[in-house]
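The same chain A turns up in both complexes below, where it pairs with chain B and then with chain C.
So, the complex of A and B:
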């Protein structure tokens, strides 16, 4: 592990020296407050989007199996259109066309909603896959024990689906954090937008972006550690 | 326990599983035997209210089986069902599995459910398995816990769908011993099995299902000694060929 880290750092160090780049990270210090605010904004947008996208994902996953064809087709169309188009296009489309048409002025709320719409389509597929992975016999056991539909969901479906989709959900949360950087195009002052603004002030693009990359990594790496913990906690085969 | 089926048929898509079954008897212990694909499991699952017949009616103690969720729920309060394998919930310990129907279906206080579960674990020699998850137990232990769960609700009829088919001979004996004990205590059972020794000696009657129909039904000993049909004769010749 240590060797791999040394190898990576060494490779970048040599690359930087080869192009004779002199990095001075002290130039970032005067902008620490702005970076901190940007970091906080990214964190807030990501957490907000995680909550909303989980809700959208859950609704879309359930309605994809809905017996009312109209609702099912809306859900299917949503998932396919969102998954089939780039986030950048969606941000422009929803913010400048839909948002303007319907009077959505707050770019932060708009940002969270757009990001949630995007991630929700992926989460819907994760949840749907999780639900489909539950063997039919599990429902038969629940039925044979006289459990109601609600009890079956609470004691069987939910814990089993959760344990099976948790790794994929954590991965999606990492994606939300990284994808939030694209909201800079509608001037949401999150981490990436902050970096662009600071770069315009201090002209130290390399230092700024390397630092901001490190901050993003810090966030996603924390999610990854948390996910591993939760995975172990909910992986029943490993539980002793 | 009076079990009655009136012209019951079951199709899966266009595939026939049971064809126009009519049956009525007072059940004590019945073994359902027959070649694979003959409709044994379908017969049992229909009786267990796990699937709905394509046509016909089923009665237990003269009460017709209805298929709305609420009627099914009250029906399942009276019927125990043991699956072939993987009948426990993998995310619950053995004792949680047993307590689940007691607490959730019968609304029993946890303390009472716990003491019922404990006494069953003690009775069936499962004391050490209480807090284990299914993946930590052997196949035989899992099946015994599943049976303990099924009998914990004091069912009027216990249905078992090939409970030993996925087990080693040693574990099979453990499970069959446990079942024999329960039958002696007066528990009414219907079991789909390939264990001919158990069917013959531990069950009062045999129901032979082949080609989606009941071919023969009668007292165990009689059916083993004097099969009336060629189909049962050939089946017994085949399954007993390599028995000691």
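So, the complex of A and C:
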């Protein structure tokens, strides 16, 4: 483990020296306030999007099994269109065309909504996969135990699906954090936008981006640790 | 042990490649520019670099007896590319500023320009003074002199910065921003393409900006050669040829408005 870390650091160190680049991270200190605000903004956007996209994903996953064809097709079209187009295109399209047409002028809320819509389509597929992965026997057992449909959901479907989709959900949440960087194109002042602006001020592009990469990693790494913990907890409940 | 050895070998391999790849640039002049600023830096229909700066770069290469390679690089990435040796020179309509001079060396100026405003015609902005207010929103392109001007002189207003010129124009057209600060020529052209939504305020509100070519500090020999090239190119009427080729109509308009020309 230690060897791997040393190897990576050594490799980057040599690369930096090969091109005769002198990094000076002290140049970042005057901008700490802006980096901090950017970090907070990224955190807030990510958490906001997590909530909204879970909701969207859940609705889309359920309506895909809906018996009313019209609703099912809407949901299917949504998932396919969103998953089939780049986020950058969606940001420009929804912000400048749909957003303007319907008077959504706050770029922060618009940003959270666009990001949620994008991630929601992926979450819908994750949830749908989780529900479908539950074996038929489990429901038969629940039925034979005399559980009502609410009880079946409470004690069988929900914990099973949750423990199965948690790893994928955590991965998706990491994606939300990283994808939020694209909102910089509509001037949402999050981490990446801050980095670009600071780079325009101090011309220390590499120091800025390396530092910001580290901040993003800090966020995504805490997500994976949290998800490990939750996974273990839910497995424990299942065994009990 | 075997594993560590193989890691080491991979390491050496990468190392030697990087060293080897750096050695064959002696007779090339790599010029960095952002091909997103017509008619100074843009692409022709086939996607080849075209424009004032491109012609200038080739003329410079001819003068120096070097083969010119043009690298298309994002505006934000131009100075870092110079710092890391990816390009030898930047010729990208770059204004000489104090901030930039701390990290790069500039040649003598080869052109001059003025900032102007593209305003939304419902915004009620008639001059630069109208913009320095709390409820004003300004769109600028990241890292440009418009950005520097807005963040240092228009401190009361909200400044939103974008990666592309078109995003800034879009903000003004849709009324999300009151004004976009950029150079006169671009503002004039953008106003022409959105006449019903925007107004151009072309009257200069600060001193002229000087454009220079940038290179890595310490390359004094190349700097001297480039300075004498610019002087010679000016004296020989090279810029008149370029104006005629790319900017004839614009020159007429600038002359009729009484604005100073670029060269």
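In this section, the second predicted complex is superposed on the first by the 235 of 240 C-alpha atoms of A that agree within 3 Å, B and C clash if a C-alpha of one lies under 4 Å from a C-alpha of the other, contacts with A are read in each partner's own complex, and residues count from 1 in each chain.
Following the convention adopted for this analysis, a residue touches a chain if its C-beta (ideal position, glycine included) is under 8 Å from a C-beta of that chain, and two chains touch if they have at least 3 such contacts.
Being a predicted model, the structure only gives us computed values, none of them experimental.
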item: Room on chain A for both chain B and chain C (clash or fit); value: fit
item: Touching partner for A:145 - first (chain B), second (chain C), both, neither; value: first
item: Contacts of A:135 with chain B and chain C, given as first, second, both or neither; value: first
item: Which superposed partner A:44 touches (first chain B, second chain C, both, neither); value: neither
item: Which of chain B and chain C A:160 touches, first, second, both or neither; value: first
item: Partner chain in contact with A:66 - chain B first, chain C second, else both or neither; value: neither
item: Once both complexes are placed on the shared chain, angle at chain A toward chain B and chain C, C-alpha, multiple of 10 degrees; value: 160
item: Closest approach of chain C to chain B (Cα atoms, Å); value: 38
item: For the chain A and chain B complex, residues of the former touching the latter; value: 135, 137-138, 140-141, 143-149, 151, 155-156, 159-160, 163, 236-237, 239-240
item: Complex contacts: residues of chain B adjacent to chain A; value: 48-50, 69, 72-74, 76-77, 79, 81, 83, 86-91, 100-101, 104-105, 133, 135-136, 149
item: Residues of chain A defined as touching chain C within the complex; value: 3, 7, 11, 14-15, 18-21, 96, 100, 105, 107, 184-187, 193, 196-197, 199-201, 203, 205-206
item: Contacting residues of chain C [partner chain A, same complex]; value: 4, 7, 11, 14-15, 18-19, 22, 76-77, 79-80, 83-85, 99-100, 102-103, 139, 142-143, 147, 151, 160-163, 167, 170, 174, 176
